[in-house]
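Labels run A, B, C and D following the written order; every chain starts at residue 1.
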Amino acid sequence: MKGERFCIIGKYQFKTPFFLASGTWGLGDTLLNYLNPGEIRSAVGALITKGLSLEPMEGNPPPRLFETPCGLINSIGLENPGLKVFLKKYYPQLKALQTPIIFNLHGKSLEEFFEMAEILSEIEAEGIELNISCPNVKEGGIAFSQKPDVVFELVKGVRERFKGLLIVKLSPVGPVFEVAKACEEALSDALTVANTYPALGVYSYEPFQVIKGGLSGPAIKPLTLRLVFELSKIVKIPLIASGGILSGKDAFEYFLCGARAFQIGTANLIDPKAPIKICQEFKELVEKYGGLPDKNPT
Amino acid sequence: MKGERFCIIGKYQFKTPFFLASGTWGLGDTLLNYLNPGEIRSAVGALITKGLSLEPMEGNPPPRLFETPCGLINSIGLENPGLKVFLKKYYPQLKALQTPIIFNLHGKSLEEFFEMAEILSEIEAEGIELNISCPNVKEGGIAFSQKPDVVFELVKGVRERFKGLLIVKLSPVGPVFEVAKACEEALSDALTVANTYPALGVYSYEPFQVIKGGLSGPAIKPLTLRLVFELSKIVKIPLIASGGILSGKDAFEYFLCGARAFQIGTANLIDPKAPIKICQEFKELVEKYGGLPDKNPT
Amino acid sequence: MEKIKVLRNLRLSERIYLLELPKKGSLLDIKPGQFLKIKLHDLRYDPLFPRPFTVHSLEEGTLKILYQVVGRGTLALSRISQGEEISVLGPLGRPYPEDLDFPLALCAGGVGVAGFGFFLERLKEELRKKTILYYGAKTSQDLVRLDYFKAFGIEIKLTTEDGTLGEKGFVTDLLERDMRDGKIKTILSCGPMPMLKVVKELSEKYGIKTYLSLETFMACGTGFCKGCVIKKKDGGYFHLCEDGPTLSAWEVIL
Amino acid sequence: MEKIKVLRNLRLSERIYLLELPKKGSLLDIKPGQFLKIKLHDLRYDPLFPRPFTVHSLEEGTLKILYQVVGRGTLALSRISQGEEISVLGPLGRPYPEDLDFPLALCAGGVGVAGFGFFLERLKEELRKKTILYYGAKTSQDLVRLDYFKAFGIEIKLTTEDGTLGEKGFVTDLLERDMRDGKIKTILSCGPMPMLKVVKELSEKYGIKTYLSLETFMACGTGFCKGCVIKKKDGGYFHLCEDGPTLSAWEVIL
């Protein structure tokens, strides 16, 4: 591969540009049942934790999932044991994998985000991904993404408290471009483009019942591909693609559109070995095209 | 069917709630090769013309189409012969079908929209659908949808000039809810929810070439379903659903979410007999559930 | 997931099929009550997710899945021919619980009977004698694999809703009669949700230990997505793919 | 679309298949050069659109489609068995043009040969004698249906890129030789785009009337979507499904 530059983000270097997306590999306790440490080290550049909040969250009542044509609506509602329990119970095992761990954080307020940033600063965590885009919780979540000035405050505040890798995960809806610029100005190291799309599934007709949640998977790839393409012209910080990456070809297309790393999300749910397959296919494509072609947007 | 109320829009009544969506049945000249007049009259409530502009438009260079997982990106670029030629060359045949014709209009400026509204007022056209949401043209199109105040001016101006059925076709991106409210305030009779989603497909890697266009089909149904659901709580005027309706079940779900009529778009491309099939399936569902259930959002 | 060649895909009745796969790799470790997920190999993304299926039998060198065509995924599976490759992942989930007291009632609705085959294959001969299979379906042709089940030498009680085979009515009616008579110590039940709700009610009414093999849509089956939740009686949720698919009837809210 | 039962789906080589359908309904009106679109019936939305195929033959009471597996849609089609239902719509597009002067060169690359079968079936005996089929492929096994084509009694010139059958090289090399010699009055060509570009160049160079059967992705095939455009030399666009698929080489920009 013509220089592995593409998996450098800020001052951080990753062994591969493939990160496991938040919420799509559990809390880590069952990961090793399906991928061995060697596989993880060779295919996975970083592990992005399930969205963690200051206090434990029980998550939403069922149904939490709804399959759509080539997509998945999820409404997990950020079920998680809370940052502190996570650090005690799950983090040690994950650290042993010698693969960078990025903490996906969800706060109901700026203060909660700041408190978590301080905790993570203390333990010298490697990275934070700010989740300002979860469509499945009432407070915080996607509401943040609608206000570029609030996002600016948030990122600036976290930046002051946390010196490691700082990523903001954008919502694909709302004033995306303005929010992206606000993140860049507030010195975010990179942007994840993007979280799931607000969606709805009708799961019962009589009585009429719906599931509201976020859409992921191949269905959304053309939408997120366009966001990456447009954002790469607007901001200079690296973009991490997240949306419907199921094959090396998908990642390659995101690369061509300007992404420098790739998150594997829904693909992990379909097949826990997906990261290995995708990483391999990507390498083959890079070889086939004789190195990564220069970006040449039209 | 328990009252056919659902296919009344404003003061207009339609034989069925199924309309053929703009741009998905050509200009009308080849329609009768695939559907006979009897089929059209029995299954189709209204025919919404291809997007028409004041002057003829050549449309975009190829490629104009890109298939995605369960979706289609199109970048036709509003190829059309212009309103005047359409009225002379295509309209007479369509009128003979005795099915309401709704003119889908695209203007580069408010003035262009107003001029077309005047022309259609003169010939006493039955309806107009304002296309303020085409993602495939440089001027006008989706740019309008980003500014609720401009949309208000537009709809008000057209309303003043045109007394027939006035529908605004929303873009699914941008400040959708604000734009919808602006349309309602400016006395639009109904809203079409929604046009295609801005999307991108990579069609060549070496050289890197992309197609930017609008995504339609089953992939977007969960997204537009959610828009209809949310909008039905915000505006009182009827909503016409457009997005991934391929079966009677799809239409039924849109109905449950608050839509009162349904546009068949991509489905026509797959099978020109789709309207008949969808209309029939819908009727069977209505019968199965013993009439249309009352809406009961959760 | 592991690629595997289909040995046979047999149509047993209008909608019920028997899929035979070679026993190999991680599939050899599977235990009764656990499940696999199966995906077709055809470059197509709809349906997007593999479908979960209980192991029906692991005798005779083959692994058998008993399945019913209900939608896109199972329809596509039903069209797979011998020799074609599919992908499987498993074992997933937990085996049936071990604290079963006998006499044991296996209560199945429709293809819910699938997992009981494998269970009986591994059950000791003397315990089989204290096991009764209650097996109900809409109509006689949906009562499949009867010879196979008879060969275990267990007592079998059949019901059909239309009375075309066995007793006419619901399988839970038959079960309740025997519960009332105190004939049963534990119930293991699998079938459609309305049936399981009745079984749960009965188990509470008669105070008989009962386990239910439940279903939800599963995106991952591996504990990754946290989507397959079933409400716990005392708050919180079970994740069916990790904690189940078989749960104590008394601990869940259906 | 019309439902129709597959009579046979025969594998001719590694990637090339012959699909046989009963001749019925609107399919009886089809003319050489026109096409059908075909969709599978399996509740699955990926791929979303039917795929277009030229009619290869309409002899012997059956309609035959000669197709190559290149992606999801054709892979799925290749797995259809006898007796299964598919949906077809047609005839679509325009027949081959009528102003063909003879000697006529049919120049085919790979499965581009498909439509020429039906064309020859309908061609008058005396004109067949003045028709030469140039048929090239990568390797010998991709040159299919040779006996069928030989039975027309026409002159056939084969090429393979690896030299395993016929002359080694590109089919257009052979064609150019005969064009240069003034042996040919009209060319009808179908095959991959790079080949068609060469044919177009040659036709301009030697001033020989040439028609190309072109391909684009087609969403509708019925003139509804306006997506299948090919640039016209003098401005504007052809819609390939309505104006084509066979267009004059001199009128298009490829």
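To be clear about the criterion, a residue touches a chain if its C-beta (ideal position, glycine included) is under 8 Å from a C-beta of that chain, and two chains touch if they have at least 3 such contacts.
Quantities reported herein were computed from a predicted structural model and do not represent experimental measurements.
By the document's definition of touch, common neighbours of chain A and chain D comprise B, C. Touching chain C and chain D together: A, B. Centre-to-centre separation between chain B and chain D, using Cα means, comes to 36 Å. We define each chain's centre as the mean of its Cα atoms; on that basis chain B and chain C are separated by 47 Å. Residue positions 45-47 of chain C are each in touch with at least two other chains. Contacts with at least two other chains are made by residues 66, 69-71, 217-218 of chain B.
Taken together, the touching pairs cover every possible pairing of the chains.
Within the complex formed with chain D, the residues of chain A that make contact are 69-70.
Only residues 23-26, 29-31, 33-34, 50, 58-59, 61-67, 69-72, 74, 76, 79, 217-218, 246, 266, 268-273 of chain B touch chain D when the two sit together in their complex.
On chain B, the positions that touch chain A within their shared complex are 66, 68-71, 73, 173, 197-202, 205-210, 212, 215, 217-223, 225-226, 229, 244, 252-253, 256-257, 289, 293, 295-298. Residues 42-47, 71-72, 75-76, 79, 81, 84 of chain D touch chain C in their complex. Listed in rising order, the residues of chain D touching chain A in the complex are 45-46.
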